[in-house]
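Both of the next two complexes hold subunit A, though its partner changes from subunit B to subunit C.
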Partner chain A sequence: MASDRKNLGLMDIFVNPMKVTIKQFFKSTFGKPTTVMYPLEKRDPPPTYRGMNAVIWDLCIGCGICGEVCPNKCLKMKPVDLSDEEKDKSWYGSHVAKKKSKAERPAINFGHCMFCGFCEDYCPTGAMTMTDFYELADTTREALIYPARSMKVDLEESPTLPLTNFMMESPALNSETCIGCSKCVDNCPTNCIIMDEGAVNKELKSGKVRNIENPFFDYTICIGCSTCVKVCPASCLHMEPIANSSSSGLTIPVPESEA
Partner chain B sequence: MTLFGLCKTMAELTADMFIVPVLRFQRNIFPPFSYPAGDLADWFASEGGIVTLAWIYAVNIAFAVGMTNLILVIHLERKIAARIQDRRGPMLSFRAFRELGEDLAGEAPTWRFKGNYSGIGIIQNMADGIKAITKELIIPNKADKFLFSMGPIIFISSSVFLLVLFPLSDRFAASAAPAGLMVIMAAFSIAPIGVLTSGWASNNKYSMIGGMRSAAQLMSYEIPLLLSMAGVFLLAGSYNPVDIVEQQREATWLFGLPMWNFIPQFIGFIVFMICILAEVERVPFDLPEAEAELVEGWTTEYSGIRYMLFLAAEYIRGFAGAAVATILFLGGWAGPWPVPPEIWFLLKVYLIIIFWIFIRWSVPRIRTDQILELGWKKLLPLSLINILIVIFMVEIYPYFADIVSLPEVF
Partner chain C sequence: MAEMWISMGPQHPMTHGLWTLKVKVDGETIVDADPELGYLHRSVEKMGERRKYFMNTTLTDRLCYASSTTWTHSYVLAVEELMEVEVPTRAQYIRTIMLELQRLASHLMWAGAYMPDLGHITGALYFWRDRELFLNLLELPSGSRLLYNFMRIGGVKRDLPDGFEEKTERILKLFEQRLDEYADLFENSKIFRMRTEDVGKFTGSQAMNMGITGPNLRGCGVKHDLRVEDTYEIYEEIDWDVCTREAGPGYSDCFSRYMIRIDEMKESVKIIRDCFKKMPKGPTMSARVPIRASGEAFRRTEDSRGEALMYLVGDGSDRPYRWKIKSPMFTTISACPHYLKGYKLADIPAIMGSIDICIGETDK
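So, the complex of A and B:
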């Protein structure tokens, strides 16, 4: 170190640093400085920038996958009152015509959000989007909890994306315990379930033997949201990973009539 | 017409037209209460009253000029520092508010430079001043309260005193004292006492170290500083700034080029520039307030208007130091005709200040042991060599030039 110190001359401690500063001074005075005048000018964020979320309500089917995948659990599905116009426009009819009391839309606590973008990635209909709006600072923590309606956006022309099962899971039925209540049909956001003649006949208290209807799934439009599993009162449904073929991994027994 | 002559005319006018008639009117209306008023009227009508008024005017004008320059220096420092760091610095002016209103209202915009909001941020200085004035004055619990208040008074008054001491030209001067430069250096030397007082009274170890460093710096730099100035005084034969500048204006060099003092006394010029940089405590000699080592140095415990005045006083000292350097070595207000001498003087001063700002963002801070070594071992011998050169120029060379008919170089 001592030898290095001796080598420093006037050039090293004075002339060369001055050269650098003078060069930079002329560069940013006659060119343009790197900074922008922030509140007046704003830099354009990059195309993949993840800012505040926005939900295209016309596309949202209220499946709740965004809440499932949220790592910080900052996204909750909240029941909302849809107006008639919104009911008309909503894709797949959502839950509107069903027995479930209210449609659900996501609400986000941005104080916990880490802007990972999973909700956008997993959304089966492309309703959840992330805008480039980044000025979310507020004076209280409560103000950072954004209710569902505050994130609603209306597009003039909503893009219709194909439904995709990003969860890579699909429901499977144990028909032995199914009681045929058809709650899963009522709550399915994509209407991919129908009730049909089941494999099991049960004897009622009155002595009659009656066939129990079982749910059948259309796996081409199932999005794997597991709503049916959650609402099932008899715990006869569970989620299984999708394998190569659309029907494998199911435990639905083949009905006797076909066997 | 000089500044003082102008002020005297103004004083005569105001005394004749306003002050004396008002005081006499008061005496006539309220006879029982009017004895002091009557005496005052007589005094303002006399020569002594007019000269006193003229002094008040002259000092106020010099103070206003100095304060305007202070704001400009601070603004210049901020802007250049910003550009060196690839920033913009303060940008908006009053006009920008109108343009912002136009944009928000969706009206057709007025002409703009490069499509941005206009301004170079002059109002930022006012905003900072208002902010500092409205802040709370905090005095630490265990501080020595009397000295804690006295430190700023010593430092700031001795710095503001500098403003009226140097002339901007031979006609624009609040005071033309025969020993002008000696008085300036004396006023410069008072400030470290204020620094030491503030550092001691704050009851804070960082403030204390800052004050001590200021004293050490003063010891190592005052001697070479004054010795390097001695060469100029020898050459001019006077302490008066006007005489020094006149000597530089008359001296010529090859082809009739002006020979300002920095050409024959280049060593002295270098020594003086280093020492005055240490005197005004700018980077790389800002040891008393080394913000990387001591929190804010000797100003750590100060807040509000006191802190702002400390900062302002430092810039006043910087401006005064650059002015002294200009008078001594750069020919003062001497310059070609069409530009007024006051503008020449300010141009040279600002040139030095810009050079200092560039140094500030280029070089690292010097260490305490290095500062003593540099002052005592290098600058002191160099300034003595400079004095020898001047003695050769003034006394020995002309003597031999007469005998062996050498060309008159100096």
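So, the complex of A and C:
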């Protein structure tokens, strides 16, 4: 036996362990129970609990970042028809003035969801939230696929939060190949793109020289969702880290924490 | 008497996860052993190469269910080195608090699993009762009880909630009383001492040769802790000591490996208290976190079980080109023929339990 180890006496062998056990006996017999009678009484999850998702539709701009960052790809953007009331309410901030009757909202397959909380973290408007609801078990697989409308929640007053680019990237243009189709403008969820006189003049078949309009980005409200890159038919857009995106000539804002 | 092979596992009370230990016995005495791993292989490294850097924290959480934050943390450290991200000081303090809470929960999980191995079912109840306290604490900021996903590249998910310090302090105080109870129940228990003393001995130099790290190495009296040797976060500024134990001059047995973990829990309590004292105010997330990276990064941290190592190669895209995880338990289990030889068959649960096996990280 090692020298630093205590030699055991009678107290150690019989009395001390008995004291602990008897203390615990009285505690568990007459004290408050540790367990919760589950279906009747439920444990209180903390406010940060990551349970079932809920989407504040008034804040959602349908950018699809939640689907982009989902590691399991269980979250898909689904087209939904908006009612008139929703159409009036449902656009985020004053700079996003598009009013369409069709929009895209997230739908989640909870059979695949692992409740990692990335969709909530990366949502640029704070529309995606996680509730403390955890009783999601169901009898069929299909029942676990929650359509977009089932996750809609309304707040009495929608808070207007600043748009944040959590993706840390924004689009940059190669004006040589741009064909000026303005698809990016139509699809941008935050309306941060405008078309203006471009750098390239192109000669048409008739011999006329025409200027091709190019997109210009307002990086103050760009959220880096890369929708424009995906819809671009000429592949003239790509994503660049925020600090390098200067191709449009607009100055890049310094984040608040650095200013 | 003829020698024969006995296969223990993959479903066996000794195994703590899915793995097989084949032992060659001569009567009751072990003459050889052959561990077989790979039942729980989930191809985490290759899965990670298909996902973006920040998404992989969900995978690293699942490497070890008992100690998920420490694994995510070592991954996050490697990515930060790759992307050259600076972490705000407050985030580093919060990380350290979470890491030490996780270490406490992990060691309690181990102790609770070790006691039934020795036939002491009551022990499991005592330790897991207290693990619950730390799981509740870890749930408060992260929002989940087992897979926290709290570490982020460049910081932490969110700041600590209000009243977290008071709650932690209350639980730590309670836990210190409980540590005294453990001393009465297990440390000074004749039966526990008889099962664990002079069983599964290996010396410090043997352990280093076999690649055994962490508490198992410190149990041999070797003062080696990556929190000091290759320091990270704010362990330098915190007031704490590396604790060592030994069974005799330079060697460890199961009892010293039990005691080193109890000592480490006491140190963790000290670290958490000191962190709260010194924690500054400020942001918890770095302002600029790129999502693309190139180059290579290599980071090792002191996991609850030993040296966790992450190696990352980036090729300029938003996903890792190569991701390598080195698990401390893989080497420790692989070395088991060396420290099982010569003991009786009935000592196997006591020896294999005492090294704190986690198959999730071993098989990746």
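FYI, the second predicted complex is superposed on the first by the 207 of 259 C-alpha atoms of A that agree within 3 Å, B and C clash if a C-alpha of one lies under 4 Å from a C-alpha of the other, contacts with A are read in each partner's own complex, and residues count from 1 in each chain.
One rule holds in what follows: a contact is a pair of C-beta atoms (placed from the backbone, for glycine too) under 8 Å apart; a residue touches a chain by one contact, two chains touch by 3 or more.
Note that the structure is predicted; figures quoted are calculated from it, not measured.
Novice: Contacts for A:104 in the overlay, against subunit B (first) and subunit C (second): which applies, first, second, both or neither?
Specialist: Touch status of A:104: no partner.
Novice: Just subunit B (first), just subunit C (second), both, or neither: which does A:13 touch?
Specialist: both
Novice: Subunit B or subunit C: which reaches more residues on subunit A?
Specialist: Comparing subunit B with subunit C, the partner touching more subunit A residues is C.
Novice: Counting only touches as set out at the top, which of subunit B and subunit C does A:22 meet: first, second, both, neither?
Specialist: first
Novice: So in the superposed three-chain picture, is A:35 touching just subunit B, just subunit C, both, or none of them (first/second/both/neither)?
Specialist: After superposing on A, A:35 lies in contact with subunit B but is clear of subunit C.
Novice: For A:58, select first, second, both or neither according to whether it touches subunit B, subunit C, the two together, or no partner.
Specialist: It touches nothing on subunit B or subunit C.
Novice: Do subunit B and subunit C touch any of the same residues on subunit A, and if so, which?
Specialist: 13, 17, 20-21, 24, 34
Novice: Write out the stretch or stretches of subunit B touching subunit A in their complex.
Specialist: 80, 82-88, 91-92, 100, 116-117, 358-359, 361-364
Novice: Please output the residues of subunit C touching subunit A within their complex, sorted ascending.
Specialist: These residues of subunit C touch subunit A: 51-52, 54-55, 57-59, 126, 129, 132, 139-144, 147, 149, 152, 157-158, 161, 181, 184-185, 188-190, 193, 197-198, 246-248, 255-256, 283, 287-292.
Novice: Inside the complex, what are the residues of subunit A that reach subunit B?
Specialist: My answer: residues 13-14, 17-18, 20-22, 24-25, 27-29, 33-35, 37, 40-41.
Novice: Quick one: in the complex, what on subunit A touches subunit C?
Specialist: Its residues touching subunit C are 1-2, 5-6, 8, 12-13, 16-17, 19-21, 24, 34, 45-50, 69, 71, 114-118, 121, 130, 167-169, 241-243, 255, 257-258.
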